[in-house]
Amino acid sequence: MRRLSDVQARHDPRGIELDQVGICDLRQPISVLELSGEWQPTVAKVSMSVNLPSKFKGTHMSRFVEVLGRHREVTAWSIPEILRDVQATLKATVATVEFHFPYFISRQAPVSGASAMMDYQCVLCGVAEGDEITTVIGADVPVTSVCPCSKEISERGAHNQRGVMCMRVRPFPSVHPADVVWIEELVTIAEGSGSCPVYPLLKRPDERYVTMYAYDHPVFVEDMVREAAVQLKADERVQWFRVRATNAESIHHHSAFASVEWDRDA
Amino acid sequence: MRRLSDVQARHDPRGIELDQVGICDLRQPISVLELSGEWQPTVAKVSMSVNLPSKFKGTHMSRFVEVLGRHREVTAWSIPEILRDVQATLKATVATVEFHFPYFISRQAPVSGASAMMDYQCVLCGVAEGDEITTVIGADVPVTSVCPCSKEISERGAHNQRGVMCMRVRPFPSVHPADVVWIEELVTIAEGSGSCPVYPLLKRPDERYVTMYAYDHPVFVEDMVREAAVQLKADERVQWFRVRATNAESIHHHSAFASVEWDRDA
Amino acid sequence: MRRLSDVQARHDPRGIELDQVGICDLRQPISVLELSGEWQPTVAKVSMSVNLPSKFKGTHMSRFVEVLGRHREVTAWSIPEILRDVQATLKATVATVEFHFPYFISRQAPVSGASAMMDYQCVLCGVAEGDEITTVIGADVPVTSVCPCSKEISERGAHNQRGVMCMRVRPFPSVHPADVVWIEELVTIAEGSGSCPVYPLLKRPDERYVTMYAYDHPVFVEDMVREAAVQLKADERVQWFRVRATNAESIHHHSAFASVEWDRDA
Amino acid sequence: MRRLSDVQARHDPRGIELDQVGICDLRQPISVLELSGEWQPTVAKVSMSVNLPSKFKGTHMSRFVEVLGRHREVTAWSIPEILRDVQATLKATVATVEFHFPYFISRQAPVSGASAMMDYQCVLCGVAEGDEITTVIGADVPVTSVCPCSKEISERGAHNQRGVMCMRVRPFPSVHPADVVWIEELVTIAEGSGSCPVYPLLKRPDERYVTMYAYDHPVFVEDMVREAAVQLKADERVQWFRVRATNAESIHHHSAFASVEWDRDA
């Protein structure tokens, strides 16, 4: 076959470096390591990018897909390996990668002990700038929230709803792989910050239990964020976090939210 | 300019008539008539189609956009006019049109009387087959739902959540324009079928009121659909309806739903 | 523990049978059988329902989750087993189940042979009415489509875009399990109906190939549906199908679509 | 009526200030000022927030809805007024507001002159920190993009697709209201950065024109961002911008993107 021009490698005269050039909305089967040590198969939506120096016209997009094909096992400590591979394969100084995926944990109902799989939307992502790499682990955790104001001002009942705790944590890069923050830990912290965890399977005695447990632990969306923040600040592996709670208010058509971002070094 | 070939008008040899050929995901500013007699400006997502006889290779898609430009006012009785225009302009026997749009009603809080705009996702659509035209009016109405089981088996509290009532109604074609079923009527029926209406603005005395009102009127998702069905069956303008209720369960990460479809002539 | 009331089992006085009562938006890890004989792990979004006779107040929703937990392997012939289990466990005459999931096939680029995983959004679903069971298999398959009109009336170039072929097929119930229609077959038919298949990984010689191949095979959205329809009608395993093609037109902000539904017995 | 407790105003012992507490996903009819001087009615999705000092347990969420009800006309210079109102009504030092809405511009086809309405997803938002206010204006603008590599390495044709230019601009606060950056200007810049604008209505001579015009102006996603960046850097009203272009690649199932963020003071 004749030699095909490398149009992307040509010189660009505009003098503008690009922060990110890459691919997004690519789906890929991956395996995620559980705290239990098992590998869990799931499906990720992936974004990958590099910076583009001002002198080059374009990036070679197909190389992202080639890199991705070499890394099917995704963990907090494989993210740096993938970033190094992106930097090397695309000859770039800055690289990013994001894996968004559903993750399942078997959950037991609190009274009957009936168990089923519960899904959490999670994220593992990272940025490499030269030698420096930062990694973020995240989980969106549904919880029940009972409104303290509604409970206190009413003679009976209290409005409640499904809320979602969006947990994002950046551990210190020095943390040993075996000591990184796990999705399971984020789920535990998030669930402890709502009025009651949400379960995949509840029989009647369980429903009675969660109804009363939630009613006895009312929280505002503000409380949910603060409870999680207190836990994360106390965890010395955590360098930075952002927590956002959103309640799909059962008395409104809009939602209420609260968020806080925190940096141990700030 | 030279004469450009009409590729679409060519003969197709495969002998397959198509049910629908058209455009979708087109956005258009429209005005919708309120029950009050006022015109409400809003933004619609539009689909339009015609059938395509087996002998023609294609449809002239740009004509849909031209038809749409001639009809900015959308009501239950302008749908037939638009369908006639589609049939004539595209020389087709079958035509469909769908307008999906947010619709606003000013709502007063039940105690304080504080008012604000509340949005309902609505639909006006129709099908013309030759001379016969059917029209469907729909509204997705959020409500509060309190679980009767949770309330009865628990000593205090009851799980509740935002539910959505998807109301779709086909009035008899013989119904006089001024007597068609209005979005405002569907909202009233749907809200009467939940534990309590959802409001855009509630002050503390209102929150107390809706909390207790909802707690005093627990309904399953099955009840919500049946309550609405009873109302619609009793309305002699209604030839057909479909009601689906979906509850974003506050104790689960999945939803519960119920639905019923009914035809007066069946 | 005290005996908790079975509120759902109570009598309902309104005399309205419900078509469907169930759960939706539940996520579950499943395994899908490949044509190759391998099991592919993926993540499904699930809906399940039963009919509800007029005399009962409600359904026992938790039982759907219990049934689901017993069926992790999903194939065209496990759908009937799941439906039978739903009917028995919920004591219902009518049952439905839907699994929507991403499915991956390893694809080789046409010239370089470079391979990567390509995702297709798929569906396996079924309805049981008493003893009668129907099953539907579906795949949404992206393709490239080049506009024949644009190509013919222009001196150079032709607008093209990503299109999606939504294939839904109901095989005859009598078809032997080993002979059912496979997702892989739907993908082949759909890809043969566009201007060119879409690939996950293309190197420069591949890009040259697909560009010219697509340009040499222009198709309207109408052609895409008809090509697939011709193939499916010729397949004697197929009792019913519906094909819808949607093109995200590169020259418009809206899409063009075509669809056809066909029943061998009609 | 009895005095109801103000639970939100109570003391919180955890010592954690929250960055944002507010409402989101609220829909509201608004009017947006066109460059022409006309007011355009549309429907916005709104987010509003304030910071929450560590000593307070909660925010009074209903006040956001009250503030919103006082501001139906939304322009680059009404954002600061709304922010001041939020700060005063909620007694907060930091406030944010975001309006996301479809915006329509009448567009004429390039040859036939046929006109129709074209929609652009836009945003007007702002942040107040004490006396300091920053405002951002944004528009997501669809364009056609023809791949320069595909064109050069192929003997005929070139893959092309719909791309979206996400334009976000922060003008200097000192810019006079009449001189702010307008949505119409962002649309012009974005469309000039693709291979060809996207139109709502094209007749055959127009389709010929845009096919050849696009083919004659191939651009990578990188070029699209750089072209827009050159324009925005040259505009002295602009203090900061971020441009992201995303192409729904017609030869892949994933998208390609590029982005750049720039600050005049950096």
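We just call them A, B, C and D in the order they show up, numbering each chain from 1.
Everything that follows uses one rule, which is that a contact is a pair of C-beta atoms (placed from the backbone, for glycine too) under 8 Å apart; a residue touches a chain by one contact, two chains touch by 3 or more.
Bear in mind that the values here come from a model prediction, so they are computed numbers and not experimental data.
Report back the single chain whose CA centre is most distant from the CA centre of subunit B.
So the chain farthest away from subunit B turns out to be A.
Can you compute the centre-to-centre distance for subunit A and subunit B, using the mean CA position of each chain? Integer Å is fine.
35
Where the centres are mean C-alpha positions, what is the separation of subunit A from subunit C, in Å?
29
Distance from the CA centroid of subunit B to that of subunit C, rounded to the nearest Å?
The computed centroid separation for subunit B versus subunit C comes out at 25 Å.
Quick one: which residues in subunit D touch 2 or more of the other chains?
Residue numbers touching two or more other chains: 4, 26-27, 119, 149, 153, 200, 202, 204, 208, 253-254.
So how do the chains connect up here, line, ring, star, complete, or something else (other)?
Shape = complete; every chain linked to every other.
Okay, in this complex, where on subunit A does subunit D touch?
4-5, 7-8, 12, 14, 16-27, 49, 52, 57-59, 61, 148-149, 152-153, 220-223, 225-227, 229-230, 246, 253-261
Can you list the residues on subunit C that touch subunit A in the complex?
Where subunit C meets subunit A, its residues are 1, 4, 6, 26-29, 40-43, 62, 65-66, 68-69, 102, 104, 111, 114-117, 119, 200-205, 208.
Using the touch rule from the top, collect the residues of subunit B that touch subunit A in their complex.
Listed in rising order, the residues of subunit B that touch subunit A are 118-119, 142, 144-147, 149-150, 153-162, 196, 198-200, 202, 204, 207-208, 210-212, 214-216, 248-254.
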